[in-house]
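Written out below as structure tokens is the structure these notes cover.
As written, the chain order gives the labels A, B, C, D, E and F, with residue 1 at the start of each chain.
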């Protein structure tokens, strides 16, 4: 699956809440498939995207809203060598969220750091 | 098509801009079909919905964004006895729009009047 | 009259328009991503708490729980409901308006 | 770097997040419903005019015209482009980020 | 009480169809009558029999078909919206010279008048969309 | 220059597919190469041959098929997203025991790897969505 050894910086931008729409889930599916390509992957969570990582999500096909809880999959990312996960500082603050309420370890970036990260990318995927 | 002479107050709530999504166009199609049922119909335009009525829309299947301009259809509403068109005052002000920039005559409602109108309805359709 | 809001107040203006245009005494149900408006500790907490003086506000628990929240996270004064009670809210209000 | 915004600033927070996180010198293209952020006389005019000090802002004319607006309605300093120039903007910036 | 349901979005992309399903199920359980579920806009895509969701996920289309069978639900797909989006039954496919159709069990295609009628005939109309 | 295009929304409901089409056409006209157009999420619905839009409206699906034919465009529909939403080619239909398929001319179904590959191989990736 490798493309002649080309390694690009891929950024996945997640700005949408889970369950209300499918973007969070299908974005994660791209990241997992993409991992086989051994690119330099980062994921950022901005705006309602930070809610994707909230701990204690509870729903299943047969209970609650009738959709499966896919939040545990974020924990599997490490096994795919996807370890650069960033959350937007302001988005966390507006929502009163702290990093220990999230399912995976993340790095908090302020506005300037987030802009810098984006600028360093070769490919930006947003859903 | 009449239902045993029942006449209900139908309100169509339009809150979305045209072209970016199909809701404005398909909402209008419901109103036109619904006219045959001789119900008591009102349409309100709130938030970006007021942009649906902007004069001078210019696009066609073969030019511009490649979608047909359907704004002239609002002018046909009168022929279907759909004459109660209301726009939200604050939405107009925020957008710097005046009623003479709209394709059809409308009545401006302030917050209290809009709330009152909504409360009087039997059926509220929003898209 | 019942108003339903299914959008996050951070993402769209649906809740804000609903709070501006609904009338005193109306009921507002927050569900789907709309539940984010019902949570403690957010930048919307004050606005929504104030709105409780004018409206009855309800929130759908299955949507709260799916998103990793619990009753403890819900602003005091907001009523938690399940789908059956959502049905009751529709039945007990003569009109329903969806703020999509 | 090129940022694209296709959402109305009234309806969603896409433009506001883009303006907060893009870096000085970046280019922002407003298209689809995003063009409503490029108009004179609106409550966003000041914010967007200020942003012109930090960013190059462009707007897609076919989307402007479809929505009943003309060049005269566009805030001074915003560059109007057609689809061909949209392509040029993508070609001349090494990365494109869509604020959906 | 008599309810009508309007679904404006397709399966999976938005929660609208899921919420409408949960609401409809709860209403039936409480003894209410569902006069009709009307599928408009992308909602028409809830009526395709060609979906194959992952095994561990819910089957949005089949859930509606089954609920319809158990409760004699009237599931109506808007014809104009369906034509735009490629949802056809056998008649429609024939009429438009298409060599396939994709409508699912329990769904029928009809006009927008059925939505208005649902509004007139029902005590409540509840809209699920995006 | 080599471009890749990602389309996240279906035909008609949102402008995304229209904008992507206009952009792609303009890029080709300027002599750029389109490495691939990838359809994800509801975007897969752009690949159905069963749509019958009103005569006075554009035909979103056919426009893509024709652009593909004229320019040898690679139009790829994501298999996982397509299965969820009921977009199948003959093989997929057979594999899942479905008695119909609905894929349009010029489109092919493949995996998400094709999107990543497009990102790796192209100079630019442009995303159109909602």
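The rule we apply is simple: a residue touches a chain if its C-beta (ideal position, glycine included) is under 8 Å from a C-beta of that chain, and two chains touch if they have at least 3 such contacts.
These numbers come from a predicted model, not from an experiment.
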{"item": "Graph separation of chain B and chain E (steps between touching chains)", "value": "1"}
{"item": "Chains contacting each of chain A and chain F, listed by label", "value": "D, E"}
{"item": "Neighbouring chains shared between chain C and chain F, ordered by label", "value": "A, B, D, E"}
{"item": "Of all other chains, the one whose Cα centre sits farthest from chain A", "value": "B"}
{"item": "Taking each chain's C-alpha mean as its centre, the one farthest from chain E", "value": "D"}
{"item": "Between the pairs B-D and C-E, the one where more C-beta pairs touch", "value": "B-D"}
{"item": "Same-site or different-site touching of chain E by its copy chain F, using the half cut", "value": "same"}
{"item": "Inter-centroid spacing, chain C versus chain A (mean Cα positions, whole Å)", "value": "27"}
{"item": "Distance between the centres, which are taken as Cα means, of chain E and chain A, whole angstrom", "value": "33"}
{"item": "Centroid spacing, where centroids are CA-atom means, of chain D and chain F in whole angstrom", "value": "26"}
{"item": "For chain C, residues that touch 2 or more chains besides their own", "value": "6, 10-11, 13, 32-33, 62, 95-96, 98, 100"}
{"item": "Multi-chain contact residues (two or more partners), chain F", "value": "8, 12-13, 15, 19, 22, 41, 57, 80, 125, 127, 129-130"}
{"item": "Multi-chain contact residues (two or more partners), chain B", "value": "19-22, 47, 65, 67, 122-124, 126-127"}
{"item": "Pairwise chain contacts, counting only pairs that touch as defined", "value": "A-C, A-D, A-E, A-F, B-C, B-D, B-E, B-F, C-D, C-E, D-F, E-F"}
{"item": "For the chain B and chain C complex, residues of the former touching the latter", "value": "11, 13, 15, 46-47, 88, 90, 111-112, 114-116, 118-119, 121-124, 126-127"}
{"item": "Touching residues (chain side chain C, partner chain B) in the complex", "value": "1, 13-14, 17, 20-23, 26, 94-100"}
{"item": "Touch list for chain F against partner chain B, complex", "value": "12-15, 18-19, 21-22, 56-58, 130"}
{"item": "Chain D-facing residues of chain C, complex", "value": "10-13"}
{"item": "Complex interface listing, chain F residues touching chain A", "value": "6, 8, 40-41, 80-81, 111-113, 115-117, 119-121, 125, 127, 129"}
